[in-house]
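First up is the structure itself, then whatever we jot down about it.
Lettered A, B and C in written order, each chain numbered from 1.
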């Protein structure tokens, strides 16, 4: 009988083991996708994003998990009582700091201030029999997996060494200075490197993008009274008074109050929300006061803002961007400000949040204000969202343009400097339309072409030349950007007939001249098979047209021959 | 080599009810084995391209080799470290080891895709010295022969002067008898060479079984991948030698209606805390040094199995073996030994397929019924053959009173 | 006295062993020497359109694979699920969503990476895998026992096994068209068949230079990393991608070759066979010492 118990125990352990094995893999070596903590995304509508209360500058290392605070829930619940329930006021304006008696002299003082305010309020409300929040430690300082981002890598030096190589060689290839890179990386220490444990202590809510639509709403609501948001310094006001001038829009734009930039969080909150509260009190049209209404995910596209009137700041419609310094030899670039305003969502899209002219911060040799980015870089960096070239590159990636441009070299093209640097404003009028294709074709050209040079498994490929050229010409003619840069009559032809002389009314060189059928080891160009497919199929894929218009399947361009009945 | 108790064949009935069960399981297992031979691996196992080494490698090969460590550990204890007191358990341990290693080979035959090429590693033209598996294969092969050689004296003892082949073969009686005497005489003199060789070979292949998975650092969970893996396998194998002896000795005694030989087993168990403790310290030290203890509380198959096989089934037995009361109690000793044996088995399985996380695996590998059936069938076969041997040959000590 | 004789025999055996192993060169195995002129293939995943012509060409040229019809390669619905190489195919093309552009998924072709320091070559117990000077990692089915250690060892999870084959199952993986084309001066079938010229065959060092040039010329197009340049010590098949390599199904691996983990251990243990012999001698000495002490009692 004793045996039985033993065997039972055995069986029990075995069962437990089987259970474990059956449960399969529940966690992996790789990091899991981190859900945004506290956020439940709904299909439509603004999403509440809670705030992490951690005050890193005072609390530094936290002993307990940061408190995830749902501001909007509180605000909506306490709406009737107003913001003053939690927030201090001064001169009738609400200061959006918390708590009311915020004692920052020490960690404990601040902690007690928070506790007294939050828990005190909760206790009061539950004493009054109302719905109240939690009062115990663990209910607010919730430790949730989703607050911690873990990424584990084994740290045995022999294992880590090669991974360190990966990080070093790849990262340091851009971050040239290892010391600075380490600093940028937050002082990663190799012994802890294996565990990337990031406790979320900062909230990551979307920035409020003040696009043209929002500005327009404000303009209309505030009846064009710029002074309600913008600022004129006393010095400038004196000057204007002396000259008996009204401040121009440029003046409103340029002056930034010391510590008063609306871009800063505390300024934005205190000035914007207070204004909205006042107007709501006065029963006028007012903006939102809850977090999620301003910090939304909504990013209006350029198309959606097409009809919104742009700010009128007396800006010039066209500008010749010319550097005035002596030894600058490049001719100026004519720039249509109006045209570009139509293609952006807000002034910040080009002018950052400073709303300054580029050369104010980006000097010729680089300045701290401009993050040490030189003026040339600022205008020409092809991967930047703010530079001229960078934005044009983004445009070229759109399906309509990508068909030709995806294969072409990106960025600066030394032979094309003159296209922009003309030195005169008049050149802005030169936006050429593509000549009608019929004018450019040689006389004996067939419109229904067939490419049969590689005929093998497939029948010759049908090429509807006329349709293709017409489509591309139309696209080019409809785009201002394209019209300015497609300067030659035969530019569109060069989309396919590239790197060779393309003259009007003459047959361009054949593809097989450079793209041979066989791969020569030294040649850097694709073979003819590759050239045709990269060109044609590549374009169709990039432009994403329908199967009829731009076939992407094999038989769309060339029908398959019936396979001979081979013993396959 | 004189000893106090003489060994003798067991004079009990062979086909007890327990043995019937064993035979049934054995036949089932071997039946599954035949099925695998006839219809291929896909029909019997859940092995796939992601999980290529499964239950048969984890249990039949790796655990089989580990649990057969009783042979060389007792050999070292009695012959090298001259602890004559434990003489009586040498033979059973040797038999267990011999059968264990033989069935490692048999189990491997079922697992190999081309089992008929199993002789390939023996041919110098196909030696690939950089391979860890090569070392495992060669050392196991040589060690198996060493074990057979070590077993010969037992056969000699039984049959010298009693060779009696039936019928016409009776003419071979005399030559065979001479052969046996000759073998016994020679081996008596040079056995020590083989015993030491056995220990060395065992150390080599036990550790290289651990090195096997070191080649795939990105597929093994950090709790189980370590450059010290060979040392872990070796240390845990050495530590399981004596518990294995305890286990099979007690089962055998129980099966034959004898009292457990506590006068041997209890002092034997006194060595285990040292060996087990060494292994535990190594493992914990490695975890601290590499910092992999952070994975202990992650909810994953690897961490859970680690808690079970190391926490429950290695550390707890360590404390059990430390306790004098448990060492003296047959039940306690048995449970402690059994726990650690299961722990070793789980440890090997963990390294090969539980804590193994291949790059593109979509689901975990759960062995098929056929795999379990064959494994358990092979264990039953070992039990069966063990019974046959102890019935026919002088392996177990003669009963005290009959 | 028997003790002395025994002892002498032991010493003699030990010395003899040492002499034997002194001439043993096998203990000095080192990493495979890499031929600087070896070949490689650069795969530009930004060009791939997922037409599966490479899979078709591979199936045609490797006659030991189960035959598949030409039409079956036109079926794009197989791309809905990510596949791996198995006993039917040495190469597969998978489709991955492109986080930068929803409408333009990325395709990637998988096959044996033909590493410079292959784990399978080091792992194989019978030496069924070898690496040719041209860079191809070649499998010899005749030697293979079917132990499948190579499947466990490969960090890219490349080899596939014919579990369904009862009599003579083999390990299946891309051969770099070694027998069929490479040794005859031609380029691999998949490279030739690709209509978009996604793959470029050439000398590995030239390809690395080519890849660096491509990255430099089109900075926004590629992630500035050549996958396979250093991974696991370097592979012959290298990849360029527009999105991170993990997003197109490549494992994140370090730069240490896999054999570099196990071979030093093995070589240390068998360095002139000293450790085993040393252990043998130590145990022998203990045995002799304790025995003689017993005798003297």
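Note that contacts are C-beta pairs under 8 Å (C-beta built on N, C-alpha and C of every residue); 3 or more make two chains touch, one makes a residue touch a chain.
For clarity, every value in this text was computed on a predicted model and none was experimentally measured.
Interface comparison, A-C versus B-C: the higher number of contacting C-beta pairs is recorded for B-C.
The chain closest to the protein's centre is C, with centres computed as averages of CA atoms. Centroid to centroid, with C-alpha atoms defining each point, chain A and chain B lie 62 Å apart. Inter-chain spacing, taken between the CA centroids of chain A and chain C, is 40 Å. Inter-chain centre distance (chain B to chain C, centres taken as mean C-alpha positions): 32 Å. Looking at chain A, residues 158-159 sit in touch with two or more other chains. Residue positions 254, 261 of chain C each touch two or more of the other chains.
Residue positions 217-218, 227 of chain B are each in touch with at least two other chains. Contact residues on chain B toward chain C in their complex (touch as defined above): 37-43, 45, 47-50, 52-53, 76, 79-82, 111-115, 117-118, 120-121, 126-135, 137, 189-190, 192-193, 196-197, 199-200, 203-204, 207-208, 211-219, 227, 230, 356, 358-360.
Chain A makes touch with chain C in their complex at residues 158-159, 161-163, 165-166, 169-170, 173-174, 382-383, 393, 409-411, 519, 521, 524, 526-527, 529-534, 537-538, 541-542, 544, 552, 554, 563, 568. Contact residues of chain C toward chain A in the complex are 47, 49, 51, 67, 69-70, 74, 103-104, 187, 194-197, 201-202, 210, 217-221, 224-225, 230, 252, 254-256, 261. Of all residues in chain C, those touching chain B in their complex are 6, 9-10, 13, 26-27, 29, 82, 84-86, 119, 122-127, 143-149, 151-153, 155-157, 159-166, 168-170, 249, 251, 253-254, 258-259, 261-263, 265-266, 269-270, 276, 279-280, 283-284, 286-287, 290-291, 294.
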